[in-house]
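Letters are used for the chains, namely A, B and C, taken in the order the chains are written, and counting of residues starts over at 1 for each.
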Amino acid sequence: MIYREAGDFKTSYRDDSQTFPIRLDRWGYYAIMAVAFGIIPFVINDYWANAVLVPFLIYAIAALGLNVLTGYAGQVSLGTGGFMAVGAYAVYKLMTSFPDVSIVIHILLAGGITAGVGVLFGLPSLRIKGFYLAVATLAAQFFLVWLFNKVPWFYNYSASGQITSPTRTVFDQAVTGPAATAPAKYLICLVFAFALAWLARNLTRGSLGRKWMAIRDMDIAAEIIGVNPLRAKLSAFAVSSFFIGIAGALLFAVYLGAAEVGEAFGINKSFLVLFMIIIGGLGSIFGSFAGAAFLVLLPVLLKNFLVGNMGWPTDLAAHIELMIVGALIVTFLIVEPHGLARLWRLAKDKLRLWPFPH
Amino acid sequence: MGIQNGQVPFAHLINATFGTSLHHFGWTVPAVLAVALTALIMVLLAFLIEKLVLQHLVGQEPIILFMATIGLAYFLEGLGDVMWGADIKALDVGLPQGISDGIEAVTGQWFGYGFFIDRLDLWATLIAAMLVAALVAFAQYTKQGRAMRAVADDHQAAMSVGISLRFIWVMVWSIAGFVALVAGIMWGTKSGVQFSLSLIALKALPVLMLGGFTSIPGAIVGGLIIGVGEKLFEFTIGPMVGGATENWFAYVLALIFLVFRPQGLFGERIIERV
Amino acid sequence: MKLTLAALATTMMVASPALADLIVPNMSYRTGPYAANGIPYADGFADYFTLLNERDGGIGGQLVQVPECETAYNTEKGVECYESLRTQNPLVLNPLSTGITYQLIPRISQDGIPLYTPGYGRTSAKDGSVFEWVFNAPANYWDGASVAVKHILDQEGGDLSGKKIALVYHNSAYGKEPIRTLQELSEKHGFELVELPVDAPGQEQKSQWLQIRREQPDYVIMYAWGVMNQVAIQEAVNIRFPMDKFIGIWWSGSENDVRAAGAGAEGYKALTFHGVGRDYPLYEDLQTHVYDKGLAAGAGDQAGSVLYSRGAYAALVIAEAIAKAQELAGTPEITPAQMRDGFEALDITAERMAELGLPDFGAPIALSCDNHGGDGLARVQQWNAAEGTWSLITDFIEPDAEILDPLIKEDSAAYAAEAGLTARCN
């Protein structure tokens, strides 16, 4: 009744092609942004920042990146963990080598370095397709992790191979290191997530995005209509790796504070991010956020509910949690292969007609 | 084996741990009986998986099936943990272990130094060879085997010529479960039954890539190339670059190989039409 | 979404326990790839505090609460655990994971919560003048490496020149810790060191052991954890490496690790910094006050195992530090800062250990402001496969301070420079 298009007239092409054509959607979006930027930073505490919101935002960036590659350009990748490691180690080297340069620039540069590595590992995609490519990207995953574990230069020759993020500030507020406050950590992740989501949205609906989607739908046909597969695929790898590199940099510098490559950026991370975009919805910006929220929140929620409220032993709760996550993944794949984004769309379509469906 | 069907068996090794846990559970019964019982339960599990999961995923892309099997793996791992706890159980089904004296002595005479061959590995090779022979024969010469290959090729086309997808899937998962059970017993004998076994299964993927999907000889040759290659690499080049190369060697080899031959060693040539 | 958040908010409010008790969280892992090692440790840790609560009414009249948080040996879950435990005002944390320890050191230093990492974690945390809040008594990884080499020296009559020692290690922060120490020691004693990394989780190590077979080292030292232990010992048995020349660190010396290899593991050696088995008066108390009342943690089947003993020992040291802190502060309700003072004044003598029902169980521990790691004494235990028991074959061996002290100073100074700290304790 409230949610409807009627009466919402567009008078220019610009209006017609905006991201949120329905007024209520637009307002909802502004409201969420206002809450995210204007209210949450003032009420957030350490637990919410470190256990829920910061990982959610970081994983959302990673999911956006993978969604660009897999959802829009159709190139399945299982190397996400490895690329995140590139971002993390790049930002670590930059932070320790040039302590005077702003951390924001370091994070962006780390994304750029990851983009370069991504393009390198994306080269085989010109020959290898589909599932074969997914397995080939595992090479990136395992090789990069091994490399960062083996070459002492990457971890500044520390005895244990751990990297620890030093304190860096933005506008005199510590955002990394132990002194960083919850709002500062949250805000820097939010700014990056917001900017990158905006970028992703506009890239994917522009000509580059159309090329990616043409390649995804059928690469030979796309080639015939004049899409250069080399450029389209490699640009998808570059953009995707840029996002994932930034996510890796934030994960290490802001969220974890210390990391060890095999443990923090292992193959499980690749699967986790892939699950996020499948549950959230392939080829959807909203889906990337929804999937990340789902898989970050669910374990925390289950744990707090089962252990905190029901008083179950922690091990039983952890095992049950594993079962629930596994079952949910399978259920989603069966019931709604297009993910939460599609459910959201269906709900909105229903809502448009409500309460008079005929 | 599931590959034959266009499915990727990530869940299988979990199945295997599942099976061997079960086997352990029945420790009071003789080993042979326990193995038989476990095999039976694997068939039941296969049936359930087909009924509850795969039936609904007919005609989906391989990546979706792959993800589904990973989800399944999570589920089974959690279930196994809930039922038996996460601690290690020793497994002994009477397979011999340790260095083979005969071979060491004989090769010692021939070459001046003894070859080291683990008896467990000898047995594993023997059992694997038997399994492979049986599977090849099954896939090539029986009606069900041919039907299975048809399903792997194209779900729709197979159904339209009257092949029951359900039957084939239950069969394939049962076979896969059985193979996984054997593999699980092998690994379990070595390191005790526990749930960290699960990631080993992933290495089957580059092997198949290298050999090419849908080709059993390919899987064997691919397995040999990767198995021998990674050990030799670790042994000769490994010390120069700091070791622990085994984790990535298989994947990098598969990657390089695929760039030159995207369909793998024995895979069918991919023909693309618009 | 909103519903989810609301539900989450309510659950978290309900989850916080009553205040005023002594909070000593148990950051355990009863699931995941390292569960087999995590379970007995967590059980021992919890049971000891249950005993204190049941028998003595807590410590200094204050009950001890042991909220458990499952980390699955995963650093991200570790962070989540830390944040949720922190709201409950814990006195001390013991994460039983070197990775999580590295993660927590900057945070706890900022938040002022002591971290107790017996036998693991960051070695240079022994230097209390830099690591104000971290304690790793009674022994650390470098002590272990040095004690292992000393034991080998004893075996070889004091001369190692021209010998070859292989280090098989878990390719992670934990496994890499001893390399530097062993390199220094190899220079000092003139033995050759062969480093063989095994990637986590460590099911595949055939080529490493083939290399050992080819190189024929005189001794093998192992730093492994989880499934890597069982596989390594099995492989060593397979290549017929003499088990009495195969020495594991204390994390490679539990019953779980050797049992899978059966009779072949007979004679395998591992370091330990505490006694083993149930032949201690403490177990009578545990029997009457904990097991018989059905209060044992977990399945209750781990009592007396190596890792159970280690968990109980960690709990014991913490309990003693709490008692010390209460004595110093003059009040039973102590703060984390007072807890740190308690640790720094900790002095557990051999008599005190006997009083606690564990005579000759652990070496005496005396800490101070700049020594947070004790003397690093450890002993060697050997596996008896037929009886399925460990027996202690040496007395406590002192590590080589001449080598270790400069290394620790160097590493802690690097940390201090990185974190911008100035030394305290002057």
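Here, a contact is a pair of C-beta atoms (placed from the backbone, for glycine too) under 8 Å apart; a residue touches a chain by one contact, two chains touch by 3 or more.
Keep in mind it's a predicted model, so treat the numbers as computed, not measured.
Q: Based on mean C-alpha positions, I'd like to know which chain lies farthest from subunit B.
A: It is C whose centre lies farthest from that of subunit B.
Q: Quick check: more C-beta contact pairs in B-C or A-B?
A: A-B
Q: Report the inter-chain centroid distance for subunit B and subunit C in whole angstrom, where each centroid is the mean of the CA atoms.
A: Going by mean C-alpha positions, subunit B sits 37 Å from subunit C.
Q: Roughly how far is subunit A from subunit B, centre to centre by C-alpha average, rounded to an integer in Å?
A: 32
Q: Going by the touch rule set out above, which residues of subunit C reach two or more other chains?
A: Only 30-32, 35, 39, 171, 199 qualify.
Q: For subunit A, write out the residues touching at least two other chains, lowest number first.
A: Those would be 146, 149, 315, 318-319, 322.
Q: For subunit B, what residues touch not just one other chain but two or more?
A: Answer for subunit B, listing residues that touch two or more other chains: 81, 85-86, 199, 242, 244, 247.
Q: Residues of subunit A touching subunit C in their complex?
A: Going by the criterion above, the answer is residues 46-47, 50-52, 55, 146, 149, 158-162, 164, 166-167, 177-179, 255-260, 262-264, 293, 297, 300-301, 303-305, 307-309, 313-315, 317-319, 322.
Q: Show me the residue ranges of subunit C that touch subunit A in the complex, using the header's touch definition.
A: Contacts found on subunit C: 1, 4, 7-8, 11-12, 14-15, 28, 30-32, 35, 39, 68-70, 72, 74-76, 79-80, 82-84, 86-87, 98-99, 102-103, 105-107, 109-111, 122-123, 171-174, 176-177, 179-180, 199-200, 298, 411, 414, 418-420.
Q: Note which residues of subunit A are touching subunit B in the complex, please.
A: Subunit A reaches subunit B through residues 76, 124, 127-132, 134-136, 138-139, 141-143, 145-146, 149-150, 218, 220-221, 224, 267, 271, 274-275, 278, 315-316, 318-330, 333-335, 337.
Q: For subunit B, which residues are in contact with subunit A within the complex?
A: Going by the criterion above, the answer is residues 8, 53, 56-57, 60, 62-64, 66-68, 70-79, 81-82, 85-86, 199, 202, 205-206, 209, 241-242, 244-245, 247-248, 251-252, 254-255, 258-260, 262, 264, 270, 272-274.
Q: Note which residues of subunit B are touching subunit C in the complex, please.
A: It is residues 81, 85-88, 90, 92, 97-99, 116, 118, 120, 187, 190-192, 194-197, 199-200, 230-231, 234-235, 238-239, 242-244, 246-247 of subunit B that touch subunit C.
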